[in-house]
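My questions all concern the structure below.
Going in written order, the chains are labelled A, B, C and D, and every chain counts its residues from 1.
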């Protein structure tokens, strides 16, 4: 209904992404190949999955700093359930997913039931979940997963990496939920004015609880894919993931104050970051230089969006 | 209804407790911690241990002062860890290249203030959320530092440069800095117009404007002050040891933000004190040390720390609910 | 008609000496906001100790004029004179220095700071060393509040814990602390209950006696006639007239404001009341709502009167499920129901138009269509997808039905005037097809013209069979609109009047009487 | 709230209990250990067949100019700056190698994989790596081998089949023996010792600690391990942790092992600032430059390390040899420029030499 208004930032970002792709492609002939692009898709899947959920979280005006820790905890639990408790691997996967989801639910509970600001609540669980991962594993790795398990992180379906299908599917589902369903409308409403949303008969706490639980689920799903991709389990997995994810979401035009943001924007933001990381590396820019560029692009893109908005008199 | 004597002003003590609830809770926690751990392992109370808890973490407390001001003004800075790393490197480079010691101390602090003036200006005048600007700044500082220094350690620092290692009257100078800066900042926040305008801007920006305060200038000023404190923290950080790593200290920003928040600074802005954040930084240092003294399994240390943070947060929420 | 005749009469008759003593004078100022010219060549002056009412519909240019005087806007043309000297205000600070203070409608206070500091922030007393002198500040604050007959306020309390009336007194104290010679009060009574209004009016009179000139902006006629010495009317950015109050009467003022005459303010009842749709039996909600029993019939407008804090809004919130009842029964169409959330209330056919539009009623950053859809998402969903075509269609329908003046369903709500915003809230709730409509302060902060439209609409809805529960702090509105009036006091219902019995005196007495804890009806 | 506090206290108690019950040294891994003989008799090395991987259809690179990328665990720390320097030295000496170092700014396996992946795509001829995790890095290295890229590891190994050769600076049990023997020489056989490590998840450190525990049990059974603390790769945290250990154990603490080139100097600093020089020994892995002040002041007697510049140099030489085809599976030694012949051990590892013990007498002669 208000596509033109919401897509303003996304348009800038889209143009920026296209320019970046063209420039990067001209800098290195290895960049714009199907193989490389698919591979980059594989590499961004975990961050991407979490970023989809994080978009919902930030649109409600919240934030979730604990996603990286949930990823680490889920990975450890997967290994512990399978190796130490001797569960069959599929059962261990389901159980680990359930635990990660539960961790997200706990975040939601602390935020909705005890009214702790999300930043503080998840700052605490960031330390807690990582600590649990470290304690449970005693810093030991779990290795030696069966070959079939590696399909989730390394396999291909119709020439496209498995997790890219997952990410694609998740993106469509997330875009539909956020953009077209009553749940999505409720999400925006909560972010824009929580009281008015509650007074309009929206179950604010339930929606938020679902969203934080969803963030837990996505982090757990990313954990399983990650373990499958790197074939081992470590308690420090996913350290610093939250900053990458938040950078992607914010670059995608989601307002940190809530009420605004789209899945398309998040996906564009992720693509732009991944393209810069990959393309600059292929063009011979070193990692530290790339970090600087990403910082500049983040500030620049948001600045451009803000100025554009202002010129439109908004 | 209009009985004039209904509230002749609450008692001074009542007012004090009402105004410093969280600070008192944190202070009591510190005392309780010292008592309990001291009983279990008396060495915890030795002057050397207390000295090292305070001295070793003074830079975190000092950085938390500036962070508290930023959060009280309704903003946040996630780049402070990177900034401290950069300051330490600049200071060390100047010191080993033969510049006078005071130059090596002052120039990096000015640099930090200049960087933060830029951040503050972006935040205040373009209305980009501070978390976005500082997230970008984090990348820029971190990447820039590694590009330029390649992480080359700086050693052979002149002795007179090592301000944090000086011990006037047997107490590490870092402790003096922490106490002095906290006191000055607390007085500044309470007794100056600028200090109060920080609360005003964080509490209600439009009301601040109507009260004749220039919110933009206040925000820039707060970030510059934050740069000053981060700068001093960086110098102490740099002079604590004989070598400077030329890297960004890992997760420092989270530690600093957590200290501010646990110290009672509302993440929504407008309320909190710098005394609280310093106390909270000390509490954290104490907990970290106490857990080792209590023989908590090293593997579970972080989980316990997380649990304690969560407990503090929930206790604070419960306290607030009782008050209102 | 009348307006044209008065056009020439401006405050230009004063002699040069008089003028030098004028605390503020505006000469032919104008200001363009985003291409629309507001406050087009308005001239306006204040005399010491007078109350000068500033009237006009929303959008007439009152706010712009106030902002120019408060230094928040700079005029494009014209001059501001203080004591006869031309000045330029480049910030609120300059206006303060010139002795001009403002009590803003939205009460610009700092919730986390104490009462004393809120009064003095920006101009704190200093010790000789230049530090803020807290003891002096607290002393000063206490003295100021005493002088405003508000010594009961605790100066060390955080403002966040205070009621609206108390907050307003703090804003006035704040203006006095600035030694203001001109005090601008922007709709000071909009959010106040009758009791607080009386108190405010006595404060205003005190201030005048001290020689403070007061610019008084209000939509409420009785206050204007009770307080003001002169009245200036604006319409569409044009200065219509400035007149001594004794020279005008209410219809004249109204017609000057709206540019036409409005003959009937309160529409008459149409049709008969039907069966009972809502019944409360001994409903309580903790200690705020106590033992409430009443019934509401189809086609009836039931007025709920009482002071702020008497439990009116709290009763509404209980019926609507925001704060569910802790005891007693609620019956809808004779069947007992449990209302645990606004969602449950909505599904039972209850709609609630809350008192605080901007905060509770609307999402100002979203469009009309999005707002209207918000309470109706379930109905507007096909499968799992929100049906956008239907959302747009319903929004257009609401715009047409309620006469919302907007560019279209896509327009952002925050760009609409107060009256139109209220219509959007109504549109949202009527789209849920409710049988019971609770309206809390339905016309707060809405100008005369829009107010009449809303009243007409309420009457029409009742005529169509809607049961309406109306909460209002404006006694004339309660008396004019209600078929029956319930009066609340201390969380209980303390009186019931039918249309004939209800008079301002009778209702007012029950409202303000103080009951001991246990003997209330 | 009370419940939470109770839970915290109870779990605290439980954790305390479990810590006391644990027998092995905290921070070690659970892989099998192989402590050396106490007197240093070399254990008979069972000849092992080549177990490294091999690139699929590599182009003939013999004598041709090749581009090589070096992806260490992280960039921006002194140790990997030194290996990088060695790599550059060797590349300059060889004249037909274009080498560069690039990597993550924190020791993060995910980012390291991304870097490797990007360089595989960009089409390098050879990869040098120091793995953040031996298993996690395997898939991407195998991918490199499939693309015909020569892959050689150094410093931190991957599983053997994921790379061709690994340049081993010193064997884990050799390092463990050197550290524990040095400590025993200073504090005697019965002192209490503590360890400052980076994180428990860092594979090399975990391996060393496990080997140290095994060797100490075998050869210095009365040496009393007190505690292991984590201190990231952070100077100030290492200093604080070491200070806490000193304060906690008082005179019971006779020695501190520093497991990283960050932890060792920071521990030495802690001992110095506590005025415990000569009372508490510091033995650890560190670069000589960082340790010179402490060694010269007699606060630290011995520092154990291989020469990281040589390590990088050797790794580059090995990679060139592999690319040229002069180093083939089954070889028993390889020529590594100025380092001379290096021995092949464990099937596909090349041993740089024994760990070097720096002392006051020789430390001035090293600059890295």
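Following the convention adopted for this analysis, a residue touches a chain if its C-beta (ideal position, glycine included) is under 8 Å from a C-beta of that chain, and two chains touch if they have at least 3 such contacts.
Given the structure is predicted, the values throughout are model-derived calculations rather than measurements.
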Chain pair showing more contacts of the two, A-C and A-B: A-B
Chain at maximum distance from subunit C, centres defined as averaged CA atoms: D
Distance between chain centroids, defined by C-alpha means - subunit A, subunit C (Å): 45
Between subunit A and subunit B, centroid-to-centroid distance (C-alpha), Å: 30
Rounded Å distance between subunit A and subunit D, as computed from the means of their C-alpha atoms: 34
Whole-Å gap separating subunit C and subunit D, where each centre is the average of the chain's CA atoms: 72
Residues of subunit A whose C-beta touches two or more other chains: 134-135, 138-139, 286-288, 291
For subunit C, residues that touch 2 or more chains besides their own: none
For subunit D, residues that touch 2 or more chains besides their own: 15, 27, 75-76, 105-106, 200
Touching chain combinations (by label order): A-B, A-C, A-D, B-C, B-D
Parts of subunit B lying in touch with subunit C, wherever the complex brings them together: 1-4, 6-7, 9-10, 15, 18, 187, 190-193, 196-197, 199-200, 203-204, 206-214, 266, 270-271, 324
Sites on subunit A touched by subunit D in the complex: 28, 30, 35-36, 39, 43, 46, 134-135, 138-141, 143, 150, 154, 226, 229-232, 234-240, 277-278, 281-282, 286-288, 291
Of subunit B, residues touching subunit A in the complex: 78, 122, 126-129, 131-133, 135-140, 142-144, 146-147, 254, 257-258, 261, 267-268, 297, 299-307, 309-310, 313-314, 317
Footprint of subunit D on subunit B - complex, ascending: 41, 43-44, 46, 48-49, 52, 56-57, 59, 142-143, 145-146, 149-153, 155, 165, 237, 240-250, 288-289, 292-301, 303-304, 307-308, 310-311, 314-315, 318
Contact footprint of subunit A on subunit C as seen in their complex: 34, 320, 322, 341-343, 345-346, 352, 354, 359-367, 369-370, 373-375, 377-378, 380-381, 384-386, 388, 391-392, 409-410, 428, 432
